[in-house]
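Data block below; observations after.
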């Protein structure tokens, strides 16, 4: 049977998928940010545990970055932005929450089947990790697609990146240089997001993406 | 032979005796949390005895089914509650304690209760029945998925086997079991008409589900139905206890000492469960009725996810 | 001391970006930008003469990327010259502010650095990082006008590009996971020159999955249907030099990255053949782009769909494989880069002269502004694939390769090309010929970049130097 270390890794990665579902379920902006902070915390714990069992100290740095930036700084910054933007605090969705959850389940099933087929030769821990990571990525994508509000699209994107970090830590010994660059790029992306949210608000008086559609220019 | 029969009978009587006590305990704790004195612990017993002594008042439009239903419900629920392992597994009738059979018995009880709500022809009964069935339509699939998860893990749907498997520690820290636990708690709350799904102490018909269905009952009928509801609560708490907190349950062919320890731990688990339920009910508000399907949907999703993950882990 | 062009290729844009950012005032930033681009181009050119450095853990210079390392700084340089006069006019008409200029030029140099990094990288992870940073930079530059439409375009671009980046990263991680059991953990498993020889011993199923993700991820950057949705808006709403950079440079670099991954997959005989996937996506993009050309009313959007069409064509060619098709694909990549940027130079001038991007409001350009007008005509003729301009050669080679390998596919291929030609000439008629329409602002335009590019395309159509041909053939063989 599987050892305790495997069980804990399984538990943490599975919790990440669960929190992704919780993200899909939210319909209030502040609650969404809190759940996202939880998402980042679970990610940090998962990465730290991987650092422990893989004996890879550089992963502790990744865990610390995830904890500091994604669980604390970014949600607080987004919170402030929402207050400043005066954004409508409920999230409109495309399609009902029930339908979204069902689609999410389908995507998780798809991710499981695909990764388990494709990774016949790899180690058990890596395979499970990859399956969960792909599920989180697909759920993040689903969230971006089914949300009208720019802030919730951004949160979906960030949860997608969390899934990628999970995948990267599962891959044994992935060099630190890539991880730091990934973290750095996330930071830059976030700055850009911040800039854009303000510009959108400034131009459109709303952060509802539906308002952007009028300017889609596809008729031109 | 006699001994095993006696132990089985003891379990049946134990659940019957403890059910009102559990409900009384929950009410007491809730009251204390709200800084009230609350009714005494044995108040539910007094209520039942009082109701048994009273006359039954029937509506003129009530059919024979209306009078038979309380007995049917009571019988079904009592059998179901008696089959769940409480202080020992491997009892005389444990071979029949299939989790799916238990769910079927409870479903039977619910079906008749919904009929009772509709029988007299009042609108409140109709509201109660329709809401009850709406909740059930989501709770039942969730429950079945939970059963699948547990059966996949334990290799059988027999409760005794499941309890023994989970008590042996072979399962380890399975994530799917955690999800199944959360889903089971949600289903239990919905089935027992607890906050946030339904308020057992409400007097407002607009917020009733269970209470609306039994509005027309009185006297001994009402006593039986109340007792059934209490047995149902006990059943679910025992179920959660024996599956997810299985330590202390006496194995098959255990001696008297082990059984006594089993009884003590069982009572302790009931107390803990009752306490947690009271705290949970006090700290959360009742949901609006149209949000209940979403809530149940969450249970269904969790259970589906649990089954999926377990299935995946097993095929690795 | 041996002259190491690679170091210079990295240093020059980096330093220039810092200098521009720190410079007080912004008047000189355009000149610094153009000057630095020129120096970068010279450094790249010197790669042709200096002895090729051995592939290191991070840097690789081989036949495949040398062509692009020379081409891309060249186009970047000419675009920077075009941009210098273009933004001057924008400044005059107060469409932009001086602070914008500094940011714009600094980002331009940063973008060049990212391109060079992506091209010269031997580490697939670093290649990914460079492309991501390049994409993010262009996102900022697209939205820089701050109009409603610009912000919408930039947001859509950002969201779709981020999704593409994420998928590409997932693919990269999968490649690493496939390589790790064979090559050991750590940096080595991401080095391309070490991966390719061992490709046959990598897990095929994992490589398949990796390639699907890489195709989706980098395909979004390339603009393949159905991941193209960001392309028309981003092209139409950003400043024209950025449009030229997007079409001429970013799409090519993304395709380069995809080809590197394809080469990896080709080394493993048990893995999925990447060809059919690329053929399908390429053909669909070609037909889609060609059809969409008809009803466009905005001139930049028109040529954006033309970019989608041509990128589909190139992907199709590489998907087909074989020496001729690969050769054609490489030639087409280079020529499309030159031609499309020349067209956008002309378009930029036109939009400034006419004060609008709507085709309905412009007309008779050959009579009012003959140089720009005829430049556009030649450019469109080039992109449509008329002889004697270079693209005719590459398209002809592609068609003959298709007839040889998969004759049935030649039908949609030729159909797409013909539809494209028809649409382009229909639109060109409205813009360049006929009654002059619309205002005629006095604009200082730089014609040299456009003429230079079109000249090169014309020469390439008539005479390809033997050395270049041999070079392309060698790379075509590498691509398999």
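Letters A, B and C mark the chains in the order given here, with residues in each chain numbered from 1 onward.
Simple rule for what comes next: a residue touches a chain if its C-beta (ideal position, glycine included) is under 8 Å from a C-beta of that chain, and two chains touch if they have at least 3 such contacts.
Bear in mind that the values here come from a model prediction, so they are computed numbers and not experimental data.
Asker: Measuring from the mean of all protein Cα atoms shown, which chain centre lies nearest?
Answerer: Looking at where each chain's C-alpha mean falls, the closest to the middle is A.
Asker: Write down the chain pair with more C-beta contact pairs when A-C is set against A-B.
Answerer: Top pair by contacting C-beta pairs is A-C.
Asker: From the C-alpha centre of subunit B to that of subunit C, how far is it in Å?
Answerer: 66
Asker: With chain centres defined as C-alpha means, what is the inter-centre distance between subunit A and subunit C in Å?
Answerer: So the centroids are 30 Å from each other.
Asker: Centroid of subunit A to centroid of subunit B, CA atoms only: how many Å?
Answerer: Computed from C-alpha means, the inter-chain centre distance equals 38 Å.
Asker: Under the stated contact criterion, what part of subunit A meets subunit B in this complex?
Answerer: 1-2, 4, 7-8, 10-11, 14-15, 17-18, 21, 25, 97-98, 101, 104-105, 108-109, 112, 116, 124, 127-128, 131
Asker: Subunit A touches which residues of subunit B in the complex?
Answerer: 170, 172-176, 178-179, 293-294, 297-298, 301-302, 304-305, 308-309, 312-313, 315-316
Asker: Would you pull the subunit C residues touching subunit A in the complex into a rising list?
Answerer: Listed in rising order, the residues are 125-126, 129, 132-133, 136, 139-140, 143, 146-149, 151-156, 158-159, 162-163, 166, 169-170, 173-174, 176-177, 180-181, 184-187, 189-190, 203, 205-206, 208-209, 232-233, 236-237, 296-298, 301, 358.
Asker: Mind pulling up the subunit A residues that touch subunit C in the complex?
Answerer: Contact set of subunit A toward subunit C: 114-115, 117-122, 126, 130, 133-134, 137, 140-141, 144, 150, 153, 157, 160-161, 164, 167-168, 170-175, 177-178, 181-182, 185, 188-189, 192-193, 195-196, 199-200, 203-204, 209, 212, 215-220.
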